[in-house]
């Protein structure tokens, strides 16, 4: 059982003893059962920290932001940045370490185990508890959980309220932690790749309709990319919103940037953008589900990444976010890699 | 009305497959001109972006061909290609692109005949599928 | 001038208009958006507000300005793409979004009149639907000095009083539209007026007023430019485009050439939405960026909405629709920022 | 300012026969950047080339595209032409419209359309090309030769005598290879040892040759001109400088094991000298057959050694060298006996292989040059030679012809007859292959003067009956089965690549052919070169060869090496990887995939070692940020080429 | 002219002159509208040039409004569009729309001494106003140009600068010394310090890299110039040129309409977002 007071105490200590520069954690959101990212510098502010099923965001994105700032200002990192991380979040940190974007010494990881639970899916909550204003979620050791509302506790099966990724979660226990709260429990609600099964079984044309239908809605706000801790490229190969241009960049370098897709939001270019992103996340995505959560037009982006995750596991026996010392999926091969698709 | 002629891009590695297609020429084998070869240094240098870009610019089919495993002029480039291409194949298939439109093959410098067969078959397959209109620019 | 139409006769109204493109709010998965009408149907009672604002009708995310083609010996032919002459009728515009349209008018119809915008504006009838209850928690039109019954920017405003709508004609365009079939519309009774008043009061009450006097509050911005508030407010921002792309008033855009063929040269000059929160937005080709960080970009957004636009156009470039705050991935809430401004000493 | 010139070659009718040249010329005239477009019947001819160079000068062209045959044929021709006109060679690109177009297509219209697309693609490629100069790097003026047989010896001597330092590595205690085991050599019948030993001595005395016997290649890294080699020198436990060859040690050594040099026809001690002519002339203690000395179990040899040459504490040494080129001459070995049971090989002592027979004929051999049966040391009165034992038998054994067997078998029969005047030799053969100076005449001598009986046909089996070896076979000429009661049977065993070849190939990162021999870069034009520049092969490591061929190849490989070693600087293609440090995030993926260790991380940015980089581009396709690309193969070029290829 | 403010009027490149070579090359282009009628503009204004297929770039007009038969632009090779322009030849067709922005208040300056201070490509915008001032020389007091470049090779308008000496004082400078250079060596602000003595009744017009402008202004302030006496031009990324797309905005100003010319007094009031 995770007690927020313990986390607060630890956070306070770290800030008091100047062990960390600041702490990235969760605070109570303004409407309903929601949490917001918070950045705590002062020990006394640690009281606003919360830990509950609404702490859905993957805060490691803010480690990336911090690092980018450092690189821009060529500033040396003095103290590590503290972060409160769920199991999946620590896996994304693992990939960032594997790809040497972050250095272990620059982060202080306060891992929190999801134990029997996980985080809730705001959309599911809104649907199921319209108007009921759920206040808290209590996980018992079963696959049912209790939603505390002003009308008392309501018992619902986990899959009706948990985020898809939590239902399929591989391991609810964080890794690489400096501190860890909660215990390591084995729990399985559904198969790892349950969510894509349905689509995989559709005939090709229906699959196309499904994805075309979704991706033509894309407005290229790039929230999926901006929220993704793995999307730390300064300049995206397709339709960048930030350019790695300095006064050393030559005119030619700037003039000859390849335009793989155009700015106009055509279905084709939207699709290509997402395909490239998916491929670039193959073997790197750790399924924190943020891309899908933030998408304003509800594109099930996660299901694209999930397919790559499945392929990586089934074809190459590769799982991302568990080993920070091995080469990445596409920078490695085995002699016995499948090649039956090759003529 | 005239017959539909597929447009196919073939990324051939310089040392094996391109040489193989040269051999097909030297031996005066015949295959349809729908295949436009683009010689690359190594199959391992073909980025998925190339493939998508080919489709986007109107290719009805894309072929990537490299040296047989173990024969790569660059020792292991084709092994990396094999991984990347499998991922791309799976993904294209997943979103409902006809998987037949995207092929990978091993063709050695000695396999002019194989290249010819491959080319013939591929063109026919694509001809059967008809024009690719899913990833066309502007749609 | 006001008339009433029975809720039941609404489908007939649509049928009479069917030679035009009629857009109605319809549910797409979890959210509402404007879809072409399938003919006989009525406004969904459960309708809250669309997720994407109606600005797309006058400022589409992607629109071709010109088609430039190369002719014989290096001559160029430039074709101004403005195919829009059919009439579009959009039902269910919420008053806040109507207000936004009036903002856009100020930008695109004043100096350097924008032909693309104005053409679309002329060929679209915006029929508002007053909010008898505020659709979202974050609804804050009253804060912006507007109300759930504002008529700004609209051609017609429908007010739902249960079994019937009160139809308020705002522009002649609107009036002309329905003039063809008077028998669908009835006179407005005092009873109607009373129930309307009641609903109005109710609705207004339900909407949070974030700050007492907005104009007073935003005066503070003149002295707050260097405040560290902007750093803290923007710290969780992730530089995405949601706030501005969903905003009905935001109108920044980009112009790019898209080459269709090399020989003969065939080019589309395309206008697309752009976003002041993207780092690339203001970056010079030298790499120098006048607004290099989140805080300056977020500050820009707030100032543009509540200070600069107010100074030049006398209005706040925010309608209180709440989209930005509803859908911000980091949960940044523009109204809370305003409250912090109000509290600023 | 890009002014591109376009040239298209008719190649007689090879191209013009299918492709509508005029149409291509006109189409290309209008293509962006192309300011000059014309055709010629043979572009590669002198007038054709000067056509290009003149146009470059008169039309102020800064880039040219030539649509013609495959770049493998004339790219260098045209690039040199362009260079002579003052342009950088990379401002010339070839569109292959012969091998990849006119020769493989029949429809004129569509072939023309394809030719146009290919030509436009080449324009897009050249448009993006930069002027690049070849990358120079220094050469270590030293060669490594692997294998101390006649081939290795000859190569080493040629190199050494041209003034280059050579390291000669031999796995056995002595150099000389198989040739030193031979008796006489066809067709001249001069004594093998007599002609080889002088060369062996020369090697051991040569100031430029560093001889490492009883040694094996541990590891090879680096690249042409700058290979790094690790050699493991196995301990002989005998100090050659102290050893005075008194031979006392072998007298006291209690162990007796088969003698490799005599192919087990005799035995040797655990401490031994391979042969009287061994170079280096010293003893070796074979640790595997020695009763063992930790703790010392025997030590007799050490006790009797007056000069204390025996040192039980000798350890294997790892020696490291830098060399500029490598010649692998690992030679051959005979086909494994176990495969040849049908001929009773290994079962009957008097069924022997050709090398054993060589030893029997050899003056220094176990019988002092007398041909006696191993079983009872009687003279065989009837002897059967079976050719193609294991060769030319794709079903069961080796598909290829071992090439030397016909000749040495003829020699064997002749030597036999000279030795046993009243004896009769039979030879079973499939064909007699006697191509070579004086070879056919030699065979005829064997038949006529030494009336050897040649039987065309295969032997089905050999078995023993009443002290005789019964050889069952068919004479395919008369179509009868024959049965010969022989006293001795000699199998002309197939020659196989030597055991170490496969392992060495791995260390050298080169591939073997389907039979396990080293694969040459080109069977005709590059017979002693490998695909790895700076690495050469010679002798029977490539395929079965007789001595003159091996020697020729040895000299060939030596000459090839010298073309490298004689340079002060070597140059390699400048189309190498280039990093955009502004985009690179230092994720290390390119470093992981680089096959040449050409990439490394330097303060969190990828860095290219241009000398190591071969420009394969795998790093580009791996990099998620397109922060690395190959010069003159940039993504922009490919992007535009794709467009042009699709007629965009 | 087309009333569509986005319409790129076809213009013919009538002359191209190389000013500076190398990677940061500068060329001067003269253009004439295909359909003849030129637009009238004021010194300091800009025009939006398009290379079809590449896009548009806002470039300041560097000839004086009195030379009516062409428009002149001096362009630094910097990005997609400018590189494409540098690849063009005489007779190539481009698109030109404008003129955009405010202009130098030359009326207000009458009777004043004008000191033009430029660095690198910054001479281009100055050139127009300078030439105009020369035409009405009698309206103004002394005219002086202080211009600096990195090296002598980076100096633009070399020949004109030479001729200019007959009409007004010209002080040149380069950053580092070169053999054969007999004028000032050092940065522009230093040169200003050494050459400018009389703030009274003078107007200083500065154009150049931001960093230079910054230091020149402080130098002038030391010399006693009032903020109102100092004018400069602001460059910001632009797309529409007509005060809508939002890129170039500084505070409530859109540089493309209210700018690019500002007096230091005005500019000071705006946020430092340029």
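General observations
Chains: A, B, C, D and E, in written order; residue numbering restarts at 1 for each.
To be clear about the criterion, a residue touches a chain if its C-beta (ideal position, glycine included) is under 8 Å from a C-beta of that chain, and two chains touch if they have at least 3 such contacts.
Every value quoted in this text rests on a predicted model; they were computed, and no experiment measured them.
Note: the chain lying farthest from chain E is D, by mean C-alpha position.
Comparing chain pairs A-C and A-D by the number of C-beta pairs in contact, the larger count belongs to A-C.
A centroid comparison over C-alpha atoms places D as the chain most distant from chain A.
Here the chain at the heart of the shown protein, by mean C-alpha position, is B. Averaging C-alpha coordinates per chain places the centre of chain D 70 Å away from that of chain E. Chain B and chain C have CA centres that are 48 Å apart.
As a whole-number value, the distance joining the C-alpha centres of chain B and chain D reads 33 Å.
Of all residues in chain A, those that touch two or more other chains are 237, 245-246, 249, 254, 257, 260, 262, 266, 330-332.
In chain B, the residues that touch at least two other chains are 49, 53, 76, 80, 84, 137-138. Counting partners per residue, chain E has 78-79, 82 as the residues that reach two or more other chains.
The touching residues of chain D, when paired with chain B in their complex, are 70, 72, 96, 98-101, 103-107, 110-111, 113-114, 117-118, 121, 509, 511, 531, 593, 595-596, 614-618, 620-622, 630, 633, 635, 638-639, 641-643, 645-648.
On chain C, the positions that touch chain E within their shared complex are 65-66, 68, 70, 74-76, 78, 80, 107-108, 111-115, 225, 251-257, 259, 265, 267, 269, 274, 276, 281-286, 288, 290-291, 296, 300, 303-304, 307-309, 311-312.
On the side of chain D, the complex with chain A involves touching residues 128, 580, 582-583, 585-590, 592-593, 601, 604, 622, 624-626, 634-636, 639. Contacts from chain A toward chain D in the complex involve residues 99-101, 232-235, 237, 244-246, 248-249, 253, 256-258, 260, 280, 327-328, 330-332.
Residue ranges of chain B in contact with chain A, taken from their complex: 48-49, 52-53, 56, 69, 76, 79-80, 82-99, 103-106, 118, 134-139.
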